Every structure is written in structure tokens, then in C-alpha cells.
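Both complexes below contain chain A, partnered by chain B and then by chain C.
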Partner chain A sequence: MVFHRLSRLGSRIVRELPRGIFMPVFGMRILHRSYGQYLQSSPMLQRQTRSLKEALFSNNRKFCTSFSTTSEKGGEETEKINVIFVDKDGEEIHIKVPIGMNILEAAHENDIELEGACEGSLACSTCHVIVMDTEYYNKLEEPTDEENDMLDLAFGLTATSRLGCQVIAKPELDGVRLAIPSATRNFAVDGFVPKPH
Partner chain B sequence: MSRYLARYMVSRYLSSVSSRPLHVCIVGSGPAGLYTADKVLKAHEGAHVDIIDRLPTPFGLVRSGVAPDHPETKIAINQFSRVAKHERCSFYGNVKLGSDLLLSELRDLYHVVVLAYGAESDKDLGIPGESLSGIYSAREFVWWYNGHPDYSSLKPDLKSSDTAVILGQGNVALDVARILLRPTTELASTDIARHALSVLEESSIRKVYLIGRRGPVQAALTAKELREVLGIKNLRIRIKETDLSLTPADEEEMKNSRARKRIYELLSKAAAAAAGTSEADPDQRELHFVFFRQPDRFLESDERKGHVSGVNLEKTILESVGSGKQIAVGTGEFEDLNCSMVLKAIGYKSVPINGLPFDHKKGVVPNVRGRVVSQTSGDISQTEPGLYVCGWLKRGPVGIIATNLYCAEETVGSISEDIEEGVCKSSKAGSKGLMELLEKRKVKKVEFSGWEKIDAKEKQMGIEKNKPREKLVTWEDLLAAAAN
Partner chain C sequence: MASKVISATIRRALTNPHGAFSRCRHLSTAAAATAVNYEDESILMKGVRISGRPLYLDMQATTPIDPRVFDAMNDSTIHEYGNPHSRTHMYGWEAENAVEVARIQVAKLIEASPKEIIFMSGATEANNTAVKGVMHFYRDTKKHVITTQTEHKCVLDSCRHLQQEGFEVTYLPVKTDGLVDLEMLKEAIRPDTGLVSIMAVNNEIGVVQPMEEIGRICKEHNVPFHTDAAQAIGKIPVDVKKWNVALMSMSAHKIYGPKGVGALYVRRRPRIRLEPLMNGGGQERGLRSGTGATQQIVGFGAACELAMKEMEYDEKWIKGLQERLLNGIREKLDGVVVNGSMDSRYVGNLNLSFAYVEGESLLMGLKEVAVSSGSACTSASLEPSYVLRALGVDEDMAHTSIRFGIGRFTTKEEIDKAVELTVKQVEKLREMSPLYEMVKEGIDIKNIQWSQH
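Showing the complex of A and B:
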């Protein structure tokens, strides 16, 4: 767990480095190939950053492998699933989420930048996430009318969009990847025409 | 090896920011301003952000725009307060750009100035009779019931007849319709301004007409607000069956937008439910959705000179203008609709200030991804160094609170790029300079701690009336509470 926290801290420090100053030399951005459709980056950059990521954060791996049951202090057993966030910069962040916790809460517990302006009361769409695999999207309960009302207004709505506060961790969702929409790629702020659901 | 590299880079980064403080001033403390502040603070460790606002109270439209019966939307204040209380952020209310301070002075004091002061004026219809009394912009009416200090003495006349006409069918139109029609016993437990509640309690308005130039497929309202208004107790919804018929172009529009499709379905359902009910109670409240009508002129009352007595409406039909868009065109067929009050909910407009490029036609500041554009020749846009916009001033008065999240992300992205380009190298006085200037001009600024005193007082006053807060609605009361 210590290594996991450390690597998260490391990736955050790296993320806050000014864009473009160090990147050409060291290639410190952590990029993954898998979300190519959300981020266009040069293959060279990916190669550089992947190798560096492996060197820096290889310890991270063993903590993100599969569904696990962890023993908490006091002997209470809490089942957790793996959830992978793809943040606005396109970086993957691996976290563990206890069964029953909603994704907005989980993001905040792990310092992931996901807004939750109405604190889960279904009055805003700031915790909009995109489920990156349809297979996982289909494992979720259908959104309620109230959630759909908010999704209608969500920035960058896709066919697999959900509100983070309405997605509750359950065993079937182990390994789910969630993208946080970004204003800097693909989407225009205004005049966005949502795709049919 | 790689760990050494990381440590080296981190230390280099930290030393470089500490030697270069970045002074940022944001004008306007609504969602656009506060999301901008949040993102600047997160992206730049060396940034100090001062937020100024002309009001003594922060949060812009979350306080004066969001309807009182939408408390869940106002929860955003919690997050915005955390931003405003950040150790590298300060709020200075009661500071007016354009009179207390000039834009040029702010730009001299700060590396980065972001204008996020929204849209405090209204679009005009430009038709005869628009200046008759009894005609208000929805903004004025909203500011009145939300206790904005500039409109607390509006005193709209809600007793001359039983009919009000609202021009426009967006969410602001639905908000004001709801406030006019909702049982006041339900409004009494909200943070609605006291003066508004007492006028509404005596209101004789029973019928509200929502007029739209186009059809149910093009209405600008959203499903949540529509669902809510359809759920109001003892309210009869009226929609003409013929208005609901669809053309192939309508079907095409719905296919491309799930939101439009859901709204149309809700309206159809409401129309079907209303069709079976019959008229009986004269006190029955009614909400009429009137489609395919545009206002042609306002009618003046014979008995009360200078007062509105109705609207002359022209029937319209839709015409396709390409790319799936349909516009309304008049048919030359007219009808009168009598009423004693008209609310124009046809859109807000931003107000220009001295020294700021402004697009008067669109009512926004010309910009490229938030950078203020001073001149455009051909494809080349010349931008004003260090000057940015965000929110409604940048993109016009559309969207919800969350839209500003992405709007701010874009503007702050531009700021970050410009900082890397070395735009902000010179040294600036920042907060210190602002304080000196405000002191010299004897401006009584209200800091966030002053707002917290207003907040505490309002909440305290609310307790007695079982309301979340009783708003202070005059400049004197607000400034007195802040200074206390």
C-alpha cells in the first residue's frame, strides 16, 4: 500500500510540472496507449513515457492486478475493486474502491480531480464520467430519469456517459476504466450537439 | 537513477515558481470566476489570486439567479467557498470595475486579469410598446425574488389581472413561471426574499402563458425544469394538440439530440394528461405552452395609460435553413393575448466596460479560447496580453454551472500556455498595489470574512422563519452586516 500511495504522489508531482518545459528532455508525462481515441499523442512520446513510467513506478503494478479482499484494521473485511481513471491530461490513475462506494466519493478520497458541485444530489453534471468500455457500461443499472436529465446537459456527452455519483462500486465493475471529459480535446465548449443515446 | 531525476526536477520546479510569484486578478465571483480561480491555483503553485466583485456577496448567479426552490443547485457554494478561502486566494467584494478601478489599472497591477463578470443586462425585442410599465425582463424579476440589492424595490404588479405572459421558453422562463404558479406555502420555506414572498402571497395571477417562436422540439428548456413544473400541485398544463405534430425536419432534430427527444416526450405526455380534465374551479392555476407565436407589439391599456394590457402575437411556421436547423418566420396572421404583466425571458446580455474590446452584436468579448482579441485581420487575431475572459462574457448567456468548469479549463489552459511563452515575466504589484489603490479611493471592500458575517446573519434570521436563510436585500444592510 505504501508504494501505491507513493506512486500516486509521484504521478501528481509529475502532473503538476509545467507542461512542455521538461517533457522534451525527460518525457515525464505518463501516457497509456489504450485510450488513443481520447488523446492523440505521438508514438514517440508514448514510448519515452512508458519506459520512464515503468522505471519509476514499477512497484505500482502488483497493487493493481485483480479483484482483491483486503483485511482492514480491526479484522473487518472490505471488498475492493480496481477502478482506473483517465484524467483530463490523459493519465491513468489506478485506485481501489470499496464495494458500495460511489465513484465521485472514491475519486475525492483519492485526490482525483472530479468535480461534485451538488455533492451527489443530482442537481448538476460536474461529476460526468465516460465509461470507456461498453461491456462495463452495460453492467451498470439503467440511469434514472433524474440522472438522464442531468446527463442531457453534461459537457461532452457520449453514449456511455454516467454521473460519477450514481455509479456504485460492485464486483462486476472490477477493472472499469472511466474517462474524465476535457475541454482541451475533441469537444467544443459551446454548441456541442450530444450524440443520440 | 530515475528517482534522482524526479527529485532534481521537482526541486527545480519548486524553486522556479517561488522566485516568480504570479499575480492574477479575476473580476466576478460567480461560477466562471471561481472555477477559473480553482484551476489557476491548482495549475500554478506560485499564483496569488484576487477575486473582485461589485457586490458585497460572492457566488454571482448561484445567489441571485438560481431559483429559491432549487436548494440542491446551491450546494455548489460549499465548493466555491473552499476555493475563495484558499490560502493563495482573496475575495474583495463591493469593488466596482469601471468606477472604483479602471481596467487599465488592474492590468498594470496584475500579470493576468480574467474578466468573468457575466451578463448583467438584457436583450431587447425591439418592438413597439416595449417600454410600457408592467413589462419586465425576466432578469429583473429573478433578481427581485432572489433579493439582489439593485432590484429589491422593483414591486411588480401581480394584482391587476389573472394573466401573465412570459416571452421565451428556456429555463429562465420556466423558473419565473414556477415562482408565479407554485403555492406560496411551498416557497415560504425557501430562501426567497421576504418582499417577494409577500407580493406573491397576494398575487392574483392564475394563468401563465409561455410563448415560443418555434415548436416543442426546438424549445430551449431542459427536462429537469420541465418535469418539475409538470409536477406542481394543482397546476393544469395546457398544450394545443396541433402544436405537437411533427414534421420530418423535427424528427431529424430529435434523432440528433436525446435531450430534445426526451423534452418532446414529456410535453406530449403532459398534453395527453391535461386533455381529460375539465374546467371547474375559477381559482385553478394554469400553465399554457404556446408554440409558433412571436410578439409583434405590446398593447397599451385604455384605463391605465402607459401600462401594458396585452401582447399582439404573430403566428409562425418553421423554415429549414440547412444543417438541420429550423427558424421561425411570420405568417402575417395575428392575434391578441390580454395580460397585465409581461416577462421577457429572451436572453441576457453582457455590459461592456471602458478599454475592453466588445462585440456589441453578440454581446460578448471577442476572444480566442479565452484570450481577449483586440483586432482581427483575415485569419490573424491580435490578442491583448494578460487579458482573458471566462463564462457568459466569453461565450454568451447559455449553459449551466458545469459549463463553466470546461470554460474555465479552456481559459486557464490559454493562460498557462502564455505563461510558458514568458508573457508574465515583468514584476507586478499584485494585491499590495490593489490595497493601496482601494485605500486611496476610500473603497470599503468586503473581504470573505465580511461575507461570512453576512452569511451568518442571514442564516440566523432564517432560523426564526424556518427558511435556510433570510437574505439581506439592501446595500446598506449588506455593508452593515459585513462590517459588524
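Showing the complex of A and C:
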């Protein structure tokens, strides 16, 4: 009952507050939820409304730009974006990535076959992913020289390739499709898949 | 037998004024040309007896290795034999260090960063990697290549190969002085142009293209600019930043270095991507896998460093010799045409056409001067050079062209002897030539109706 009232309040605030503070995506989700919650009450919804409360009464900047998943908020969920991985056989895997997490970590958390031999320290090219849509590629920041140097060594390089460990999830990337190349520079013609450490 | 050799040596040492030089006759040909003609010193070359080794005036084909470069290579060959890509022991580290030092030396010559130099087996491999590699990488969006009709054969052949694969190539014509028409270049650029490839200094006629302007045009239209600078580095000032090149091919054996090594400059900012021709362990930034030829690379680096130090002096020396050659020939002969622009030209290349004389017979007559008609690549074929055809030179003049290449080690005596021999040959051939007789009588050759037998 309390949650119902809070979410109602939240949706009204969202409508009235200027768009600049809340992301449109975020606002939309709350609106949907406020109708949907009549039908079901999920832990996801509870988490959403709790985070709304925090957004109202705390600094927005902290909410939008948290980088590490082990922030002072502890185990509480941050906003997530949808990422679709397309593996070498063409199968699509939909996952949700919290904002601020890099793609390599997200893939490992969801058991996707993305090798990260150097664990994100810009010393290899095994987390190479191909951004399938050019407009999403343009939304990413320019790769640094070091990333480009490592990318030069990647197998199956394309014009829209990036290293997964350098792609940080942000709200503009919601719905991005990332293709995993058929092989990495660590030769495994026998089909061996190294486990992430 | 031994006494004969000893007496011959003593006779030579006492009577030959250039005593020291005659011992190293393989390096200096000045002595051979000016020495008194002894029977046992003449050389039998393909059934023809000549008085000594020919004068080497074919510097565009290749250059003799500078003794200082040889010293550097020799030392490295014996001591630094490790694989430069071995990461685990001192032999690998030493060899890697030698390669990195050479990389810095090459980069400094062209004002680039060492990280942008990829060592290859020569300018031909560099040209192939650049042209085919760039187009294959961007094959989804870019389908068009622009080049000129006077490029080196490896660029033209790579473009023809790309045409077989379905790409479109525009071969830009050049003006009569050999330079590219910048307006035509601007018009030829399309939205799907993936590469513009124009060589900096032409190997046959020696003209220097307007690189800065071409670079500016390519930058405006956002098209990568590749240049074959094999004949340019170490001879004219090269600056990849000013020229705005994305890719540049270099060769060692054109600048007094060893044969079998070259490099490709690949720009890092803005980054140009290539599909490598050689796949493997990812050496040389993944663009050219394979163990680097350490000693060749060391030689290349040493040659570049020397070229940087001596570029100005070499240019002065060679310019003096070029003027001596041209004036010497023009004083005695008429009907001598210089192919290509005289203003925008590298001083060490002089491509002359002698009217009313046939080129092959002139070459056969110039047995004691090593020159070439056209380029080494085209010397095997019977057709006259396509470069001269692109200049719009008449067929009869194209057949008669001779390319004189002057270099760091050419001497005044060699030039004087070359002038003397050339003039003698041309006069002899013209005396025999019925066309020349007719011209002297005032008949206009172009209006003659030749009858068929």
C-alpha cells in the first residue's frame, strides 16, 4: 500500500520536474511501473521505487555517475541498460548492465564467452567486441592510443570495433548490440574456451 | 704462374697513378675509366671486351651500400643474432634493442613517431600492404581508389588486382611535365573513395609531385593519402605531418642501404586501419607478422641516419654533377630533350631523349656506362616506358630515352667520361641515321608518307 502511494507520488513528480534532471528512460519506466504495479508487485518494482526515493532526496549526480558496483550504496541496484550480445553463431543474449560497469565485467557476470586475458588492463585484445550499429559506435568516446594499439592486434577487426573492457555502460547505450568475433588472438583452433579468472 | 701475378701487380702499383683505388676497383669506377688500358685489366662481359667495370649511373634502380652502413650491419650480424621477438633472454632483448634503435632512426628522417613505422621486406611489400590492406579493411563502405598513370608497377598491379575483386580505380593522367593536375584530382574524389595513392618522386623521370597541396586536398575530403616515397626519403625533405600522409612506403636500397628491407609508415592519429598481408604472431603492430630481419633493419636505420646528416651536402654535390652532365651533353649535341619538369625534380635523376636515335642501340653502344632506359622493372619488356607515354612523349622519342642516375658516390670524372661516351655514341648513330640526314636537309619528317613494302 505504501509502495503504491510512493510510486504514484513519484510519477507525479516525474511529470512535473524539468526533464534535465531525470533521464527520460528512467521517467518512462516509473510511469509504466505505476500502472503495472496493480498487476504485480515484484522485488524489481520495490527496488525501483526505493531508488526513486533516493533520487528525490539525494544528490542526483551521485546516482547518475556511479562507476563501481561496489560503491557506498553496497548491494543496492543502480540503473541498468539493456545490452544484447550476438555470439559467433548468431545467437542473441540479452543482459542488463548496471551503469558504470564495463562490458567485460558484465559479460563475465552473465557467463558470456568473452575472454579477458589481461582482466581489463589494456594489455591484450581478447575482449574485442564489434559494435553492430554505427550510431551506437559514435556515441562511445574516442578510443585512446593505447586501446587503438591493442585493437590493431585483434582478430577480425572492423571499423566499429572496441575493447569490451574500455566500454563503460551509460544510459545512451541502452539497446546496443555487440557482436563477439569468432576468435581471439589466443589461438584455440580446437575449440578450447578459457575460463574467466 | 705466381711470378707472373707478382710482376703484374708490381707493374700496376708502380705505373698506376691511382694506386690505392685500383685495389678496391669494385667500389670506385673512376679509376677504371681513367686508367691506362692494360690488356689484362679489361673485362669480358657477355662476349664484349671493355676496358674496365662500367660507370655506375643507375642510382634509381639501386644504390651501392655505404661502407658505414655495412660496418653497422656487419657488427650486428655477428653479435646480435637473437630473435628480436624473444622476450625471455638477453639475446632477444639485444636484437630487439637494435631494431628499436633503427626504428627511431627511420622515424626521425620522416618526422614521425617510432610507433608508426612497420618494417617490411621492401617498398613493394609496403605498397601492396597499403593499397590492398586499406581497401580490404574498408570494403563495405569504400569502393574507389585514385592513383596516377605514372606510379610504380607494384602500385598499378595492386590496383589492377583490386579491380579484379570489384573495386573501381581511377588512373589520373599527368601533365606533360609529369606533375598531377590538382583540379582533376579534386574532381575525381567521390564519397566512396577509400585511398589516394600518388608517389612523391617518380623513379623514371624524377619529378617531385606537389605533396603538400595533394595532402591538403585529401584532408579536406577526408580521404587517406598514401605515397610511395621510396625514391624520396633521404633525398628531399620529407615531413609526414606537413604532407598529411596516412601511409608512406620506404625502401632501404635506394638510400645506400641493404636490399631486402623497407618500411611502411602508418599514421596513428587519426588512425588508419589496414588488413595485414602477412598473418601470424602479431609482430609489428599486427600489420606484418614474422621475425624481423634484424641486420637488414639495422642497416636501414644506419642508412637513414646518414641520409639525414648528409642530405644537404649530397644535394649540392649531385646538383653540380647533374648540371655538368646536362650542359656537357647539350654543348655537343642538339635534339636533346629532358623528360619531366626541370623545376620540380630530384637532382639525381636525369631522363634524356635523343632525337633520331634508337634507344636500344644507344644502350648497346654505351657498354661502359651502366644506365637504364626507363625503369629496371620495364627494362625486361620490349615496350617503351608507360611513364613516358603518360607524359605524352611521342613514340619515337619514348623509345630513345636514357635515364642517368647520379648519387652520393658519383665523381666528376665519371660524369665527364659518361658525357664523352654518350656524345660519341649519339653522333655515330646519327651519322648512320637516314632520318637525321633528312632533317638536316630540311625535310619535315612528320609529313612523310611511308610506303608499305
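Keep this in mind: the second predicted complex is superposed on the first by the 105 of 197 C-alpha atoms of A that agree within 3 Å, B and C clash if a C-alpha of one lies under 4 Å from a C-alpha of the other, contacts with A are read in each partner's own complex, and residues count from 1 in each chain.
The definition used in the following text is that contacts are C-beta pairs under 8 Å (C-beta built on N, C-alpha and C of every residue); 3 or more make two chains touch, one makes a residue touch a chain.
What you see is a predicted model, and the numbers here were worked out from it, not measured in a lab.
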| item | value |
| --- | --- |
| Which of chain B and chain C A:Asp145 touches, first, second, both or neither | both |
| Partner chain in contact with A:Leu153 - chain B first, chain C second, else both or neither | both |
| First (chain B), second (chain C), both or neither touched by A:Thr126 | first |
| Partner chain(s) touched by A:Ser182 [first = chain B, second = chain C, both, neither] | first |
| Comparison of chain B and chain C by chain A residues contacted | B |
| First, second, both or neither for A:Tyr137, with chain B first and chain C second | neither |
| First (chain B), second (chain C), both or neither touched by A:Glu115 | first |
| On chain A, the residue positions that both chain B and chain C contact, one per complex | 145, 148-149, 152-154, 157 |
| Touching residues (chain side chain A, partner chain C) in the complex | 145, 148-149, 152-154, 157, 159, 185 |
| Residues of chain C touching chain A in the complex | 115, 137-138, 140-141, 268-269, 271, 273, 282, 285-287 |
| Touching residues (chain side chain B, partner chain A) in the complex | 1-3, 5-6, 9-10, 13, 42-43, 45, 70, 72-73, 75-76, 78-79, 222-224, 227, 255-259, 261-262, 395-396, 398-403, 405-407, 409-410, 413, 416, 419-420 |
| Residue ranges of chain A in contact with chain B within the complex | 10, 13-14, 16-22, 26, 28, 52, 55-56, 88, 113, 115-119, 121-126, 128, 145-146, 148-150, 152-157, 181-184, 187, 189-190, 193-197 |
